[in-house]
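Encoded as structure tokens, the structure appears first; notes follow it.
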Amino acid sequence: MSKRIDVKDLNVYYSKFLAVEDVNIEIEAKSVTAFIGPSGCGKSTFLRTLNRMHEVIPGGRVEGEVLLDGDNLYESGVDPVTVRSQIGMVFQRPNPFPTMSIKDNVLAGVKLNGKKISRSDADSLVEKSLRGANLWNEVKDRLDKPGSGLSGGQQQRLCIARTIAVKPQVILMDEPCSALDPISTLAIEDLINELKSEFTVVIVTHNMQQAARVSDKTAFFNIAGTGKPGKLIEYAETATIFSNPSVKATEDYVSGRFG
Amino acid sequence: MSKRIDVKDLNVYYSKFLAVEDVNIEIEAKSVTAFIGPSGCGKSTFLRTLNRMHEVIPGGRVEGEVLLDGDNLYESGVDPVTVRSQIGMVFQRPNPFPTMSIKDNVLAGVKLNGKKISRSDADSLVEKSLRGANLWNEVKDRLDKPGSGLSGGQQQRLCIARTIAVKPQVILMDEPCSALDPISTLAIEDLINELKSEFTVVIVTHNMQQAARVSDKTAFFNIAGTGKPGKLIEYAETATIFSNPSVKATEDYVSGRFG
Amino acid sequence: MSATTTRKTPNDSRNLQNPPPVARKRNSLAKGHLPRWAVPGIAAASLILGAAASTLGGFSVATLAIYTAIIFVIASTVITTLVEGPRQGRNALATNLVYAAFLLALIPLASVLFTVLQKGLPGINTHFLFHSMNGITGAVDNASVENGTPVLGGAYHAVIGTLLITLWSTVISVPVGMLTAIYLVEYGKNGPLARAITFFVDVMTGIPSIVAGLFATALFAVLLGPTARMGIVAAVALSVLMIPTVVRSTEEMLKIVPNELREAAYALGVRKWRTIAKVVIPTAISGIASGVTLAIARVIGETAPILVTAGLANNINVNVFGNWMATLPTFIYYQILTPTSPTNVDPSIQRAWAAALLLIVMVMVLNLGARLVAGLFAPKKGR
Amino acid sequence: MTTNALRRNGSKGQAGDKVFSGAALGAGILILATLLAVAIFLFIQALPTFTADPTLITGGEGFASYIFPIVVGTVIAAAIALLIATPVGIAVALFISHYAPRKLAAGLGYVIDLLAAIPSVIYGAWGYLVLAPALVPTFQWLAANLGFIPLFAGPASQTGKTILTAGIVLAVMVLPIITSLSREIFLQTPKLHEEAALALGATRWEMITMSVLPFARPGIISAVMLGLGRALGETMAVALVLSTGGLIPSLIKSGNQTIAAEIALNFPEAFGLRLAELIAAGLVLFVITLVVNLIARAIIARHKEFSGAN
Amino acid sequence: SDSPTATAGTAASTGGSAAAVTGTLTGSGASSQKSAMEAWKAGFEAANPGTMVQYSPDGSGAGRKAFLAGGAQFAGSDAYLKAEEIESSKQVCGPEGAFNVPAYVSPIAVAFNLPGIETLNLDAATIAKIFKLEITKWNDPAIAAMNEGIALPDTAITVVHRNDESGTTENFVDYLAVAAKDVWTYEVSGDWPKDLASENAKGTSGVVATTTGTEGAITYADHSAVGKLGTVNVKVGEDFTKISSEAAAKGVEAATPVEGRGALDMSLDLKRDTTESGSYPIILVSYHVFCSSYKDQATVDLVKSFGEYVLSEAGQKEAAASAGNAPLSAKMSEAAIKSIDSIKVGS
């Protein structure tokens, strides 16, 4: 099962600083949406508002609505925990739990919430998730070793496996491949394609090729200058964005002639 | 001034684990060399042996020789501090000093050398280095703010600026652009091209296009399987590696058909 | 391009079959670096000079050590500065001072431990360990001194008292202290209440132990009447002393848990309290454990607050909610300050030092236990 | 308005969060309440001192002139303790975290922690049995050679039981507090930042000053404050080691007194107004701690923006 | 185990007293009584199975305070209750208030550390001058005059006094203020005069240890605790009296009851300037303070039987054997027992 996301008139603040201004976007269920744009334009910031992770940052707050299949995430009475267990997230920097083994890292989302899970279910979930993240072969012999002993790329894939394991309805990924080699990247891209058949995926990427390869629709964010808020400039079919964008800035950016 | 690096019969260990085996490579002065290969094959590990940063990791040690213009870095009596001040390094993860302002971060390495530096020299050095890292415009108004307040991409560019500022003879970069957007990436690539005229640059990258764009020679590392040591498979002119590699694995890797 | 190499033009072949250059010059990277024997050399010279200097002004091992250390620190700093430059000189100085500080810190430790062992070991035996002081009078001590028989009476009752009172104060302080630290780091958001708590916790560290004792006495006098002296009152007094240490060390440790980990857990839909309990605390557990151990060590040796809260007993009492109790520090205190037999103080002094040894061993065991616990949960990598 | 599906099962498990945050808040408030109760207790008990006829106060010249020398003595003892223990403690912590061979480090840390395990009575006994006599020759040397400095004015104490000795004993007692807290924090310095410094060609010491110490700074200040609390409040060791007396500048003569020791020494026989005086002395100590902590806070706050956390 | 002396068998029961008493008796007070109290406790508990005595040696002041607050059933004190304290005792003790009985006599030695010299003869004025820091050398003519034939060294005198408030100090300076009133002009209190800066230490054991460790040092301390230190023979009348239990008992004989007290009260005014040869004037009489009535019969029985045990010949002997103090004279004991016997159940 997957769900659609509709964002209406969203402003995102860090205390008084308006980081992202007036975003309206509709993300369809069972699709992959890519966010692209120059560094600092607020892609990560906006992405975090989609599962209320933005609130975790001191001073972080939003105005506007984010609807998950019509239900406003920010309506009073909505528990952010519920939101986040339905909308998973993979971060820019790999952050496995240092106190846990590789296996426990994968099971973290399940176990930390105190859910009981049988041994065999756990084992098969671990294997499935790690295979999905293309990490199984590398770690299958050391599932009980700490996750922090892996290389950067391995760690990031572990984090992806961990997110997949909770089977969310939407998966947000903030430059998930920026620490990965092409092989792992390809595997993840394949995985995203697989996930798409069941889940809604939103991905921030700096890699134009990646955006072109994996996404159905692409959103281009830009920023007018330092201290100014980031804005959604153009949102359309990926093919359109890369071949026939309607805004000049988008064209400049995707063709690398920017700035 | 720049120097060449010759590596002879180098084995790199983490305690008893042989991470990289028997590397022989000659890196020419005033050139850009790219290291590519799948995740976990030991690129970072090997790169760190080139300025003895490997020793910082518990259990990290090497066998063999690394010659900087004929002087063995690992000869007894050589101070790693001397080595590192001649061979700078930019890391995979941005690591600005959180307790220093942006300006002090740039000057951190310069101040170490104890040379008194006049205010105006310092200012111009800061500007030059930040411009070189394509960060000047974004931070020029907040040079006295902490470096940790920047976005990931901005932080990484700050680290590059910091390394450039000490004017080392060799610059090692471990996936310096993996957290950067295309614009910053392009700027850094341009910068590498500029640096090449004076310095020796070694760069680890997952981005094949980047390797093709910036490097004169490319080294392909590979690993036979988990627990096996990484090896240097092929080392040649970048054009050769990408168009006419002599080893099958290289060809598979650069064309994305690997594994 | 250095001219110091005899190397020919670089060759492109991947196999380095060329023999290494025959007459290589001295490694320019090693230039201006002290040879390996320099440090032992300077040390030996310092020892000789130190011996000379100390004989001038009355020889003793202490002055020899001090002079040698000072000469070594100065000489190696100066020589390193001259040969390797001021940066290396400063580095050498820092290294020397850090080592010297460590050795310096060992001196009182060694001296105290030696004193305690020397004076305490003779008194350690099963009689001492498993008997109370019940019925031991000055006459008993006089008899054992005059007849040369073994000293009677032991610290068993005080060991029980120490364990129980410390256990209860830990049971009170650790939850309160840790929860407070959690409030400060995870919930307080540096608001006015959090800042007030942080500040007053610091102030609390300065409460003299006797005041804590008097406070607990007054508190229980209000609650239960003036006769209320018992183990639990002492435990409350000790808690007042312990809580700030627990809060402070836990707070510092929680603060340095990277936010990334919290975010990772939140993003998995983990509730905040579970994130704190299962991710944040385990990551910081090693530091928290040593903070708690420190806090326990801080109060387990307290005398003054126990005297006014738990009284003094010679007999075994396992009930912290009734009757008086002795602890090892109060036992030691009275054995030293008012010996059982004023005329023959040796048995009391022996019991006091043996009890001190016992107390130190207890804290050591506690320390080891804490480390073990910490090791089980601590981050699996790192130093 | 349609019901929000996210809200429906939203409260499930939320109770845990409420209970936990409530407990955390409760604990914090309990501490504040306790401290307030201690302050009220001190104030009520001390009140007679402030209303009494000044001639009835010990010394006969009112509370201020009674307490002033003891306050100064307390500050001297604590200052000596911190002047010794802070640099040594930080250096020992650095030794364990960054200098000692890795395999030894944990054991060495444990050894230093042992200092915290020794009860204050034992420090007191060790202080007057071992340390004080051992210091007598040094004091005599100081009096003979540096006697022109008021701090070392002679004649030196025959017994060695001086405020300097008490300060040294306090330093030893405070050392493990500073060391163990600093060490834990030094060990947590992000590898990234240490490597950043090393890669710039920093020596070990430069790496420490660039990344370790700035990162640990607030923690070090907290550790020192904890140590200060111990030094200010320590009763028994000072009572046993110090040969007390009126305020004198010389550190090597008997004399001076600390508040905590003054309370401990006189409390058993104190009665009526005298008792109120001693409690008032405790209140003064409380205020001193408050002021010192205010200053420490201010120092930490000044560098907040650049704090190492996150 | 709670019976470490099981094999030693010293605490032999001397036959139960008439009425079998049980219960816990709580006392608090002078630390100087701790050793004697341990002996009384052991003897009393052995003779009366089912009883427990707990005594906290918190100090006389703390003990009196606890007693007056109802926190202890009796107090041990180095000084008798003052009139206003007796007045305030009526709150816990009923209309007749509390009373003092002597329980413990301790001679205070003036003890010094001069190798090879075991006794010195000194008069009150010289002792006062030494402790006033006016005489600073051991071979001072004033000392030499009274000690012909003793080779006095040219050592500096180091005065060691108590740094805690103490009954020993109070009795010692009381002696100086009375017997050498021209020299010793300081106020009599348990605190050593602030103006006389010299070495000091906590507790009797502290001053003894410091004196023992410092050659040329002199102090004052309970006679039982001075160990190997030399002691001063104090001039009484024309003779020098050597310190002893007998001489101390004689010193107590010379005391007179404090005026204006109730019939039960046995507070004593010590006569420090007695000239009766063979009596030792630097003595400390330590009291037990009881209520004249307690709430219930069980408590009354317990208090009476303990109080009387302390004053009995057996009790005084046990204490002397353990604590090295001087026993009360038979006459004084009898009078004190009579006082205790009249304790009754109050309203």
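For reference, chains read A, B, C, D and E in written order, and residue numbers begin at 1 within each chain.
Following the convention adopted for this analysis, a contact is a pair of C-beta atoms (placed from the backbone, for glycine too) under 8 Å apart; a residue touches a chain by one contact, two chains touch by 3 or more.
Worth saying up front: this structure is predicted, and the values here are computed from it rather than measured.
Q: How short can a path of touching chains from chain A to chain E be, counted in steps?
A: Minimum number of steps from chain A to chain E: 2.
Q: For chain A, which other chain has the most distant CA centre?
A: E
Q: Centroid of chain D to centroid of chain E, CA atoms only: how many Å?
A: 39
Q: I'd like to verify one number: the distance from the centre of chain A to the centre of chain D, where each centre is the average of its C-alpha atoms, in whole angstrom.
A: Chain centres of chain A and chain D, defined by C-alpha means, are spaced 48 Å apart.
Q: Can you give the whole-Å distance between the Cα centres of chain B and chain E?
A: A distance of 83 Å separates the two centres.
Q: Could you state the distance in Å from the CA-based centre of chain B to that of chain C?
A: That gives a centre separation of 42 Å.
Q: In chain B, what residues contact two or more other chains?
A: Counting only residues that touch two or more other chains, chain B contributes 58, 81-82, 86, 93, 112-113.
Q: Quick check: what residues of chain E touch more than one other chain, meaning two or more?
A: Expected reply: 31, 58, 62, 202, 206.
Q: What positions in chain D touch 2 or more of the other chains?
A: 13-14, 17, 102, 129, 203, 206, 267, 308, 310
Q: Go ahead and list every pair of chains that touch.
A: A-B, A-C, A-D, B-C, B-D, C-D, C-E, D-E
Q: How about chain B: which of its residues touch chain A in the complex?
A: 37-40, 44, 92-93, 137-139, 141, 151-154, 175, 178-186, 206-209, 226-227, 253, 256, 258-259
Q: Under the stated contact criterion, what part of chain E meets chain D in this complex?
A: Contact set of chain E toward chain D: 31, 58-62, 64-65, 156, 158, 163-167, 190-191, 194, 197-202, 206, 209-210, 213-214, 216-217.
Q: Spell out the part of chain A that touches chain C in their complex, as residue ranges.
A: The touching residues are 51, 53, 56, 58, 80-82, 84-86, 88-89, 91, 93, 95-101, 108-109, 111-114, 145-146, 148-149, 159, 162-163, 166, 168.
Q: Of all residues in chain A, which touch chain D in the complex?
A: Contact set of chain A toward chain D: 68-73, 75, 77-79, 81-83, 86, 113.
Q: Considering only the defined contacts, which chain D positions touch chain E in the complex?
A: 58-59, 128-129, 133, 157-159, 161, 239-240, 242-246, 248, 254-255, 265-271, 274-275
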